[in-house]
Structure formats: structure tokens, C-alpha cells
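Got a structure for you, written out below as C-alpha cells; questions coming shortly.
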Amino acid sequence: MTGRRLLLALPLALAVATSAFLIVPVALSVLAGLSVNWQQGLAGGLTLHWIGEVWTLYADTVVRTLALAFATVAVDQLLGVPLAYVLARHPSRRARLVEELIMLPVAVPGLATALALIILYGGWHDFRGSSAFILVGHVLFTLPFMVRSVLAVLAAIDIATLEEGAASLGAGPMRRLLGVVLPNARPGILAGSLMVLTLSVGEFNMTWMLHTPLTKTLPVGLADAYASMRLEIASAYTVVFLLMIIPLLLLMQWAAPVRRRPRTTRP
Amino acid sequence: MGRTGSAAPKDDQTMTPNPAALAVRLEDCAKTFADGTRALTPVNLAIGAGETLAFLGPSGCGKTTLLRLIAGLDRPDPGGKVWFGPTDVTALPIEKRNVGMVFQSYALFPNMSVAGNIGYGLKIQGLARLDRRARVAELLAMMRLEAFADRAIDQLSGGQRQRVALARAIAPRPSLLLFDEPLTALDAKLRDALRLEIDALLRQLGTTAVYVTHDQAEAMALGDRVVVMTHGRIAQIGTPVDIYHRPANRFVADFVGLMNRVEGLAGDGWLTCRGGRIPLAGSQGPATALFRPETARLADPADAHVRGTLAAAFFLGDRTRLQVEGIGEAPITVDAFGPVALTPGDVVPLVIAGALAEPAGFADMG
Amino acid sequence: MSSATGMGAGAARTRAALLAAPALVVFLAFWLLPMARLALFAGQGPSGIEAYWAVLAHPQYRASLISTILLSGLVTLATLAIGGITGVFLSRHHFPGHGLLAGMLTLPLAFPGVVVGFMVILLAGRQGVIGQLAAILGAGRPVFAYSMTGLFLGYLYFSIPRVLLTVMGAAEKLDPALEEAARSLGASPLAILKDVVIPALSPALIGAGALCFATAMGAFGTAFTLATRISVLPMTIYTEFTLFADMPIAAAMSLMLGAVTWAILALARQATGAGVAAAA
């Protein structure tokens, strides 16, 4: 059975190596951010000093990133939920085209979208220098995810039949929207919102081009820190980022439906 | 139709239609799954050489679990043994058992053509290409699939896929054939047609076979013997005739066809009940008469033993199924063949023949 | 499929248009129009419409394009191999903590490219752990974070989780009956892998591979943090824009890059039938 054993041992070794490759640096960054001196490692002791430093230097980026993320979610909900509803109720070639269209800012590198925005709106200084400029980029990049998430839920519950049922009982369009569509779309809106939050918090490619010294976000700050700050501060800043992103990811897992592996029928 | 055989053996005796084929024996085989469910209580079973054994039962009864133990897809709980002829194969996985298996969903390989699927087992066996091609051609002809040799699987109908699955399973000449509800996914007419084909095939091949189904007609038509199962244990093993006319317990009586039960007072060869009298030999005192719907006949009022009231009638084409009240405590079912001129509320005069007395302990399983 | 309920199809269509309008207007104003302007702008520089071919014509840009394609290609192949094997393995062997491990392995999906670059620095930079380990073992202190190897590792870092997720998802959907059928015909585990599992996973693998390639082609943050000497195309575009203020060239190249990544992702969507995102 050595063939079988080898077939088990090699992938296992690879899986272990891959896991180490992906996880060890994260653990290291947490360690470095909390250690007094990275050169001395754990022997030098642990401290929250660097986190404090990070807060002094970069607190505004954290606040701005969170504000931007929630603003992006709000705008995405306002724009995306009605659009998803329309796409769900009127499936057609045109609907699929629209879906493809709004995916374009995702398929194309953020650099290109940012350049385009700068070329057209760069002259409008008030806009260019505000956080709203970055918000636009984030909305463009995250909208398709909100739409897809809501659309998936609406399609799965057959919203058309539900609305017909409500209409047969006398409910008009507005009432159906508020009383039937929205409540049933809620899981999709929730999952989509969490996804959008995560994407917005981690967005860099576009934001780097769109930002100004007065409108820095956390990833932008991270780039700064990696380039110019000592390892401990860069690591502590990364820890702050992880503290923001991990809860979001956990919430996303919790909000998503669980799927079990199909087994052959037993009886 | 079912194999009645002139010298019908007793319930637990295996049949040996083809002594050259493989005989299988299961010794104390039980199965408990990782999550704690006890799918199978210890089972002892012998399958005769060349016999087709049908496993029959409702969902969750353990029949597929048992099949998988025989196949080698699952191992029995410690202490269980599986014998293929004189060899203990308990520790052998399915790859080494030389069985042919037909799955409920057919499990045809979508990345291979029909010929590719049929020849796969031969390729694994290492058969030379020319020999392989010859054998595949043989099977394509046997299954009337010559025109489909190079087709992709998704271009086939359900019946065609079934035949490819069959061909694939028998191509490597396995010593045991295993069928896991192969006809469940097909519509009624196709099922009937394929049932005949499978029956002819099994007789032609003479290979020992195990056939799992929840359809009693299928089980009785195809099986030399039938194993009726429920809740992980065997309720009765016997020929189709035995199972139907001499059920060992109430579960088998009710699962295979319909069984009417009428309680009353027995004496002098008759059972006296609410609606009249039913001939019942060999009982005395309080007793229950058991009879099948087709053994009750509509009779002239003058000749009838019992009378009831018609509650409902269902015209089913070849017969009319009548629900008759007033004979026993519960309504009984009577199958009338030929034209029936009764409406609900009418008096139903019946002659009931061939009723058996319900033995003591009938409700429990042996 | 749907017909309107209420006052008839006309009213329903108006409602639909009203509901879809905000999103589409925003999209028009902030993406379509700017992109169109960008396309025009790209052709208005000193080299005119030739700017679009600059990436192929100009030797420096061509070199950048070639190194980007080579890097992306190598990363894709390596990721498919590693992610494919690991993904199938993980989806079949459930052990306590399996869910946690799967979660940790897909955590890097949320990292911006800069963080990925930092991870590579922690592994292989001047104070990197690999260097420290090697020093302890007496093998010198290798620093390769800022070389092609480091870049390769960084790209691997954000690509593997993506492929892992796809492969694990596809492996879950495999019908166990197919493998049991192959086993019943005597196939060894290796034969099953070759004849049943890999063919069944190939649409997912192709899709994941295309996604991987497109993401690598457009990746910016990782190269920004790591590459001091090598220039990948997004970095070249960025440098043109900021350092040399050659905006038309930058615009043209970014549009070409955008067209290429979009095309690759469209192919990926054909193969998997699902939506995909490229961002690192």
C-alpha cells in the first residue's frame, strides 16, 4: 500500500507547507507589533507601546476608513438594492448586460478607474480633495457585489411568485416593495453589506491614486508605514488592520448559508 | 414474472440456480455510523450461487447500507464478516472484490464517451486494446447501444444511460452484480420495460446478483428470494410467493401489498364478525382473520357470507378498489375485477376465501 | 418570465426604469464617461493614437509587459498545482479545527496588496524570519524579498487563497457515486484522480487559473511595496503617471491592461459560470 500512503503523505506535506506559508507571516506581524524589540523577539518582552504610537500617528486613517466603509455600504444599498430588484424581476439579455456592465470596474485594474476619474474630475478641486472622491471609487468597485448578493437571494426565493401572491391579496407596488421584497431580501443585503465593508476597508489600488495627504485611508497609511517606519510600528499598524478585518470576515462566515457535502443515500 | 419454482424451498434456504457462480455469506454484519446512527443490526445472510436476491424495504430500512457492506464500500462493525465463496473479503476494499455495481444515479463518467465508460473497467484490468474494443462492441450489441458508442453521456436519455451503466458494470465479467435502486429515476412505463430487460439479462448471465429496491413489484418480479427489511433488521426472507401469501409478521403483511384484518370470534371453521362470517380454519375463540383484497369476491346476496356498506370506490382500470365498512372494526379493501355497479352507501355482499388466522406475536418481528 | 401585476406592463417598466436609474446614472457619470474621456485623452498626447501601441513598441514598456506576463503565468501554474492539490486534500480530510484552518487560509483574500508585500518582507526581508533561521543554521542571511523571488512569493501569497476557495467549493460538489463507480471497476486512487476527479474539477481549475492570471496582471499594491528593481506593468503605468507625468501613455497602457484583464475574466466566467473579481 505504499502507493496509497504516498498519495496521502505528499498532499499532506504540501498542505502543511502551504498553511505555514500563509499563516506564519500573519502571526509574525502580530508578534512584531506587540514585541518591545523585534530583533530580540519574545525575549525582549511584549508591549502595547507600538500600538499606541500607531494610534498617535494614524488614528485619523482608521476613522476615515471606517467612515468611508459605512458610507460605501449606505450608498451601495441605496443604489444596488433597487437595481438588484429590477434585475430579478426582469431577467433578460439586457439585464445580463447590465450585470456585466457594473462588473467592469472590478474586472479592470483599479489603477485604470482611478486614472479615469482623475482625468475627468481632477480639475474640480473641492471634489478632488475630499473623501467623497475616494467614496466614488469605492462605490464603483463594491456595487456589483451588493447587487449580486441581493440578486442571488431574490432569485432563490422566487420573488416574482411572492409578489404575485401579495398582489392577489390586494397589495400595491409600494406596499409589496416594503412589505414583501425588502424583508425577504434582507439576508442578501446583510451578506452584501458585510462583503462591501470588507472590500472597502482593504481597498488600496484605487485609493492610492485617489487620495491626498488630507484624505488618507488605512491601507494608504500602511503603505506609508511599510516604506518609512520601523518594523514594530508597521507591524502594529498591521495588527490594527487585522483587528478591523477579522471580525468582518467572521461575520461574513456567520451570515452565509452553510453547505454540507452531499453523501450517497444511506437507506 | 416471479420465479415460483416447483420445489419452493423453505424461507431461509438459499437457491442455487447456477452452482458455478459465486455464493456470498454475511456473518453478524452490523453498521453504526460515525454520528452514532445504527443503520444495521447484526445480520446473517446467505446468497446462493447464481441467485438474484432482492432487498426490499422503505427508506431508512438499511437495505442500501447492507448492499454497500457486500460491495466493500463500507466496512461492517468489528465482528462482522463477509465471505465471497470460501474467501473472507471483509478487509478487501471494493476495488479488489470484482463486483459490478449499478448506481441509482448511474454515475456515468461525463468526461468519457459511452464506449469509454463501458470499457473503463477493462482498461483498469489491463486488457489489450483490441480485446477491449471487441468486448465493448459485444456489450454495445447486447444493450442495443451500437449507435451511441461515441456519444457523450449528457446526450442520452434516462433509459439509455441506465443501459450504459449496466453494460459498464458487466463488461469486466464481475462475479457479483449489485443494483442500488437503478430504476427509481425513471418513469413508470420505462421502468416496466427495463425491468423485463434486466430480468432477461440476469437469467442469461447466471451471475449472482443483489437488487435493492423500495418497489415491491420490482422485488418480487426480479428476485429469486426477497429480503424484506425495516429499521436495520430483516423482517422476512423468502420467495416472493412466501412473502406475499405467508407473511411472517405484520410489517411484511402491510408493506407487501395490502392486508385486511378482521377481528371476531372463531369456531367450527368460521370467524364471526360484525358483517357476517368468514371461513377460518383451525382457530378457536377470539381471533383475527387476514386476507388480501383480491381474495374477497363480490357475490350474489343469497350466497354472500358477509355484508358491508360501500364507503368509496376507485376505478383503477384493470380493477375497482372498494372500501367497505361494517365488516370489521376498520374498513376493508376489496379489489373487484370486471364491471362494478355499486355506489357509495350500497350494500356489498362478499365471499371471502383463503383467509389465514393471525398468529400470536404477529405484530412483533421475530 | 415575469409579467407585471397591477396596472399593466407599461407601469411596471416605468417603475423598473426609476428603480434602476440611480445606480445606472452613477455608473454613467463616474465610470463610463471618465473611461471614455480617458480613452480620448490617451490618444491626444504627443505620440497621438500610437500611445496605445506603446506598450508593444517601446522596448522598456515591452520588457515590463513581458516580465508581467511571465510572472503572472508562472504564478498561475504554481498556484494551480499547489492550490489544486491542497484544496482537494483539505476538502476530503475533515479533522477537528478544519473549519478554522480553512478560514485562516482564506484570510489573505481580504488583504490589500501592500499587506501581502509586508508579509513577504517579514518572511524574507532584511529582518525576515527566513534570514534569521538561515543565520542560525549557518547558511548566511538571505534577503530576497525585493527580488523577483520575493515578488513571486507575494503573488503566490494572494493567489493561493483564491484558488483554494474555488477548488474546495468545486470538490464539495463532486458526486461521490462517480468515484465509487470507478472503484467498483477496480480503479486505484491515482487512476481515480486522473480519470474522474481532475476532469470533473477542470472547469473550476480553468476558471480559477484565469482569475489568478488576471489578478496577477493587474496587481499593484504588492509590487508597490516590494519591487525596487523590477517593473511590472501596473508599476510602469504608475511611474509614467506620477514621476514622468506622461499621462497619455499611462492612460493608454492602463486601458490596454484593463481590456486584457477584462477579456481573461470573461473567459473565466465562461468556464465557471460564476462572477469573479480581480483585485490585489
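Assorted remarks:
Each chain carries a letter (A, B and C) given by its place in the written order, and its residues are counted from 1.
Just so we're on the same page, a residue touches a chain if its C-beta (ideal position, glycine included) is under 8 Å from a C-beta of that chain, and two chains touch if they have at least 3 such contacts.
Nothing here was measured: the structure is a model prediction, and the numbers come from that model.
Relative to chain A, the most remote chain by averaged C-alpha coordinates is B. Ranked by the number of C-beta pairs in contact, the top chain pair here is A-C. In whole angstrom, the spacing between the mean C-alpha positions of chain A and chain B is 56. Separating the CA-averaged centres of chain A and chain C is a span of 15 Å. Under the contact definition stated at the top, the residues of chain A that touch 2 or more other chains are 264. Among all residues of chain B, those that touch two or more other chains are 104. Contact with two or more other chains is made by residues 175, 177, 180, 188 of chain C.
Residues of chain C touching chain A in their complex: 1-2, 5-6, 12, 15-16, 19-20, 22-24, 26-27, 30-31, 33-35, 37-38, 41, 82-83, 85-86, 88-91, 101, 103-105, 107-108, 110-115, 117-123, 127, 129, 156-157, 160-161, 172-173, 175-177, 180, 188-190, 214, 217-218, 220-221, 224-225, 234, 237-238, 241, 247, 250-251, 254-255, 257-258, 261-262, 265-266, 275, 277-280.
Across the complex, chain C is touched by residues 3-4, 7, 10-12, 14-15, 18-19, 21-26, 28-29, 32, 38-39, 78-80, 82-83, 85-87, 89-91, 98, 101-113, 115-117, 119-121, 136, 139-141, 143-145, 147-148, 160, 163-164, 167, 172-173, 198-199, 201-205, 208-209, 219, 222-223, 226-227, 231, 234-235, 238, 241, 245-246, 248-250, 253, 259, 261-264 of chain A. Here chain B touches chain C in the complex through residues 71, 73, 93-96, 98-101, 103-105, 107-112, 120-121, 124-125, 168-169, 172, 178, going by the rule given at the top. Of all the residues in chain C, the ones that touch chain B in their complex are 175, 177-178, 180-188, 191, 195-196, 199-200.
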